Amino acid sequence: MTTFSDIAPQLTHQEIELPSWAFGNSGTRFKVFAQAGVPRTPEEKIADAAKVHELTGLAPKVALHIPWDLVDDFDKLGAFAADHGVRLGTINTNTFQDDDYKLGSLTHPDAAVRRKAIDHMLRCVDIMDSTGSRDLKIWLADGTNYPGQDDTRSRQDRLAESLRVVYDRLSAEQRLVLEYKFFEPAFYHTDVPDWGTSYAHCAALGDRAKVCLDTGHHAPGTNIEFIVMQLLRLGKLGSFDFNSRFYADDDLIVGAADPFQLFRILYEVIRSGGYGANSDVAFMLDQCHNIEEKIPGQIRSVLNVQEMTARALLVDADALADAQTSGDVLAANQLMMDAFYTDVRSDLADWRASRGLPADPIAAYNASGYREQITADRVGGQQAGWGA
Amino acid sequence: MTTFSDIAPQLTHQEIELPSWAFGNSGTRFKVFAQAGVPRTPEEKIADAAKVHELTGLAPKVALHIPWDLVDDFDKLGAFAADHGVRLGTINTNTFQDDDYKLGSLTHPDAAVRRKAIDHMLRCVDIMDSTGSRDLKIWLADGTNYPGQDDTRSRQDRLAESLRVVYDRLSAEQRLVLEYKFFEPAFYHTDVPDWGTSYAHCAALGDRAKVCLDTGHHAPGTNIEFIVMQLLRLGKLGSFDFNSRFYADDDLIVGAADPFQLFRILYEVIRSGGYGANSDVAFMLDQCHNIEEKIPGQIRSVLNVQEMTARALLVDADALADAQTSGDVLAANQLMMDAFYTDVRSDLADWRASRGLPADPIAAYNASGYREQITADRVGGQQAGWGA
Amino acid sequence: MTTFSDIAPQLTHQEIELPSWAFGNSGTRFKVFAQAGVPRTPEEKIADAAKVHELTGLAPKVALHIPWDLVDDFDKLGAFAADHGVRLGTINTNTFQDDDYKLGSLTHPDAAVRRKAIDHMLRCVDIMDSTGSRDLKIWLADGTNYPGQDDTRSRQDRLAESLRVVYDRLSAEQRLVLEYKFFEPAFYHTDVPDWGTSYAHCAALGDRAKVCLDTGHHAPGTNIEFIVMQLLRLGKLGSFDFNSRFYADDDLIVGAADPFQLFRILYEVIRSGGYGANSDVAFMLDQCHNIEEKIPGQIRSVLNVQEMTARALLVDADALADAQTSGDVLAANQLMMDAFYTDVRSDLADWRASRGLPADPIAAYNASGYREQITADRVGGQQAGWGA
Amino acid sequence: MTTFSDIAPQLTHQEIELPSWAFGNSGTRFKVFAQAGVPRTPEEKIADAAKVHELTGLAPKVALHIPWDLVDDFDKLGAFAADHGVRLGTINTNTFQDDDYKLGSLTHPDAAVRRKAIDHMLRCVDIMDSTGSRDLKIWLADGTNYPGQDDTRSRQDRLAESLRVVYDRLSAEQRLVLEYKFFEPAFYHTDVPDWGTSYAHCAALGDRAKVCLDTGHHAPGTNIEFIVMQLLRLGKLGSFDFNSRFYADDDLIVGAADPFQLFRILYEVIRSGGYGANSDVAFMLDQCHNIEEKIPGQIRSVLNVQEMTARALLVDADALADAQTSGDVLAANQLMMDAFYTDVRSDLADWRASRGLPADPIAAYNASGYREQITADRVGGQQAGWGA
């Protein structure tokens, strides 16, 4: 039987990148509820992310979103981050908020619009050169709302051409990570709707093109851990966007909707070499805290991933292999469930304390005075959100 | 066999209420794309709706949304509508865009917030008294994002209490119409998520409480026409919000995603007495034209409903009853399909022309100069949208 | 904080009825895999169910399915059960395996077929009189495969009439429990597809008509615990059919697919008075063990329900109410998760041992020799299955 | 504008392969309803299929399922088919009905079981050599019901190895066509659940490995026509299994559930070169006629495909390209809808008559006496079904 002390050394490998935009305001098409103390600048977002890392030891990197996090001097922003104990991470492109992109970006029928979108991405690679970021993450809102609105086949060809230009600009240490999404904001077809499409494009592009799996971007009932396994088997899993959902792309706190699914995903990650020092899979959050507080929301999220990673590491691999080989369906399933039902919270609290971290990061945050400080300090100005 | 001339007289009964907000800007949480010529005032919205009615003869009423369409003098607004050939219709409440409603409105744990939401609805009934509207339509964004966030049972009880206050304020000619929605903007639970919940509340309230069925507000795979039939059988179908969807609540043009579903819905409406001079079921559109033009989008929508109503009327009821009684599955289905596949477009064009309407309302709109006029006139000011 | 010893007394109330058919062979339309030692008679099924109860103390009743479990002398069968330490429970009707029911049973267009189905149900009530069963459970396969195949409105009316005859036959201590199901075996419409339909019929029938909620019978994404709460609120939750599913009505072991969902369901049951000495809600399993062993599959299932009931009882109700009242979304959710993540397995093993039960019922079964005995004894004859 | 006479010449290319098993009994796990006149032998199935072709001119080939259609002498069976005016087509493998396959076939943990499944497939290729069939179609029921039951990664590796052996046995004119399916009969994971997985395996195997797209094998809401387009773009669409569904894999008559979806699928087929003399895409039906008559069910099905192909051919490609290029969303969509709503039934009846076929094949079947003949002749013996 595997115990917590057996698996504790592996926990030190865990790094979960935080999205700068999780600290800004977010909402639905019906309403964005503003919160007190929300950052107004990239620096303030980084400060908040650094606070999460300080209290958990799990989140040493901050992913940026361009142009939301555009600054004049990214070297300086990198230094600011370093001063706060974190690093700049993945650069996320945004080709969905300019009026020109109403009918598409990399797939748009008009070559001038495609060029504009490509140029935006090339500019993002320039930023990566400054920040030392490895990954350019591309999520496209491209798609159509009505059958016939555009020719989906031509859009695929245009997509392939556009991605090629961007891919060829990358340095040997940089990667292009292409995210897929079942639907939204397009409501009839999406140009990269499933892992198969992302995989086909990445396979055509080359070794440094990888797939990004956002856990909320699948059809109802999809077995996500199977896709994780398959992409790892094919050598094409680049990164995760973690969140959870009951319905569509709800962007709730990871592990909140179906914790057992998160367990199964992490089990497959570990099983197929996607976790640990030798893996290049990036783990990120991509969430919205529409109604709950954002900083403790992010703390809760990274803790959820850590707790579930510990549970997944606890699966007794040898016993499981025996049960699987002998076709003992109930015993094999029970070994999974035993790991899932093991309460690791107290062991993790001790482990954190042993590493100089707060045993209870949420309580530590509540006691830190940080909330009160940012609420007092961040008055006036334009709060960050998806629109800015 | 039933022919177009047999059913033409029944087409004169058709009235489809237009939502004032369909003429304003709309979009997704990612982006709202503005359009030229979008109305800035309730009057301009009404003018646009009136243009749709002028060209189709199908849309004599405009539904208002409060506070989006709040004016100082509703009598004057009614006169304005009359001058343009239309009437004011259903009053839609909005208890989801005030900061106080972040955790609910009629179901909120705090009695003061509930009172505020109730007061808003009472004010809407005051407006109905002015406008002569029959229906108060209540769609609630109330729900929670996380298990445990609030007590769902208590919320039901509070909902029942709040609705009672509103219902009791209605006059004998007024109705409360309670809409249900599967999810969004709440992502764990919604307080009125299904027809059963709306029905249970309406049954408790009284005869003038009815259910609003929005065709986009169901779980994947739901047989909507069955619900239509059931609500008509139970005497509780108050109104339709028409739109279409491939995924969630996409709010696409009615009939665009699954025209055969629209056919089946209208067949059940007709079958169970929900259509025609003796029915009190209200037919409304509730759509977003995020990327397509709004006025022709509404014209297309009412034409889609009309065309499909004609097809549904064409079902040969006697032959169908025979096939059903004899258990001839293929023959019965074929009778439905025969009506659905009958091309009524040319007959409808003739019928329109015979009534002094344009044979092709879309072409008539394109030729009317109205688009150019509003684009030129409506410069400056604040374009209408969900936020205003 | 609530501890295991606080809630242990409440665990004694738990009774989970076992379905006789879970011990017979089952499968999919593609293949039914036979297993060794499968019962050939109602008596052998009862013996297997009694073994589950002997080892767990959780399953004192066996639900019968008529005609699968038809015997000449039900008094004798009851005595047989009593000798084995269990009682006969719910009587399940079967109106889907006779050729006459191809196009429906209680809803069939032909009055003679409806009468046949009604007579079957009346015969089931006769059996209830013999067995002392309280509940007549009606699940109908009735529906259609093609639009137009039959008139859904007339079928509702015929359903209401048929149910009335059956309901009126019940004694004052007996109940009619009407199950709903989203789809299967009918693939276009189902006559009782959702809780709303079952509720409307039960409300019309009277106080002793209740709804049966099968956890696998919903559209994708449906919030089942909401329905549990609503039916309890309306006084109409009669019974549960427990199982789990990833896709359609998979009939997997309860708690296997989404354990957190089972937790939420049981939380709502407890919250609204559906659990305990004063509740008349019946808890049953309705599962298929297509590939896993059946007796340990049933043991695992009742243990899953017990473990999750314990976790649900552990929710700190006072703290939760405080967090909900103050609108602290994260804290409220955390209180739910804390209970869910509490590992009750060891405490439950001790509790079982303290009551003279095996600490590990699965291990006890494996050591009991029962498997070897039935494999040796039950040779020849016709193994029980859905067809017999 | 495109007219029927413009597109009529293209209709002559249409060939739709009939599945032999559509003429046998089929049903659900609840009940298989037998029908009169059902074939008892492969020859009788072929005779029925030939009748469909005789009346429609659309179905010159019959797909066989091994071992359901196993005969001693396939040359003789081929001659029998030729005598009846049809040819033997795709050979379908069956590795899901032997007890050994309970936990998998090509993916089974036990090498001996894998070898047995491979040998079955090699035997099928031997049959193809006799029948002159081009395609070996492999649909696997392989999967698991419970998390942990088997190692999904190892199963992929075993699948790749097994397929390689089969693929290498093919002659230069033969193809391996790998079908995917979302779920069923496995209820947790399926080894080939999506087009991406099938594509990845086929890409690894070689040029003569292709994907089979069954229209009923997708998650709810999946945009199937997008997958059609993508597979054609990637050169990997091997064949279609046509049917329709409202819920899961309902296997209803193609076009019955969502005719507009069938239109969109056929539009993309035509758009990307999958239809016509130069295409090697195979079009098959794969349906169950559980409650309706089988022969007219197949006639209705091929007519549905033909009617929808005609509509899809009617799309005005030039006007559509113009509207798409100019970004006129409403006009582009309208061009699709105009084709869809064109009533081609009467033109097709004339076209059929002009080619010596019955104008109304269903009526011709009813008048033919064939039903009465087979009902009289096929008495006794074992009716064909999925089990035989």
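To keep things simple, chains are lettered A, B, C and D as they appear, and every chain counts its residues starting from 1.
We adopt the following convention: a residue touches a chain if its C-beta (ideal position, glycine included) is under 8 Å from a C-beta of that chain, and two chains touch if they have at least 3 such contacts.
Please read these numbers as outputs of a predicted model, since none were measured by experiment.
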Comparison of C-D and A-C by number of C-beta pairs in contact, larger one: C-D
Identified repeat of the A-D interface (over half of residue pairs identical), from B-C, A-B or B-D: B-C
Rounded Å distance, chain C centre to chain D centre (Cα mean): 38
Whole-Å gap separating chain A and chain C, where each centre is the average of the chain's CA atoms: 40
Chain C residues counted as touching two or more neighbouring chains: 103, 145-147, 182-183, 188, 220-221, 223, 246-247, 256, 260, 291-292, 329-330, 333-334, 337
Footprint of chain C on chain A - complex, ascending: 220-221, 223, 246-247, 256, 258-261, 291-293, 296-297, 300, 307, 329-330, 333-334, 337, 340-343, 345, 362
Sites on chain B touched by chain C in the complex: 103, 109-110, 144-153, 156-157, 182-183, 188-190, 193-197, 199-200, 203, 218-223, 225-227, 229-230, 232-234, 260, 264, 268, 271-272, 315, 320-321, 323-325, 327, 329-330, 332-337
Of chain C, residues touching chain D in the complex: 26-31, 33-34, 96-97, 99, 102-103, 141, 145-147, 182-185, 187-188, 220, 245-248, 250, 252-253, 256-257, 290-292, 386
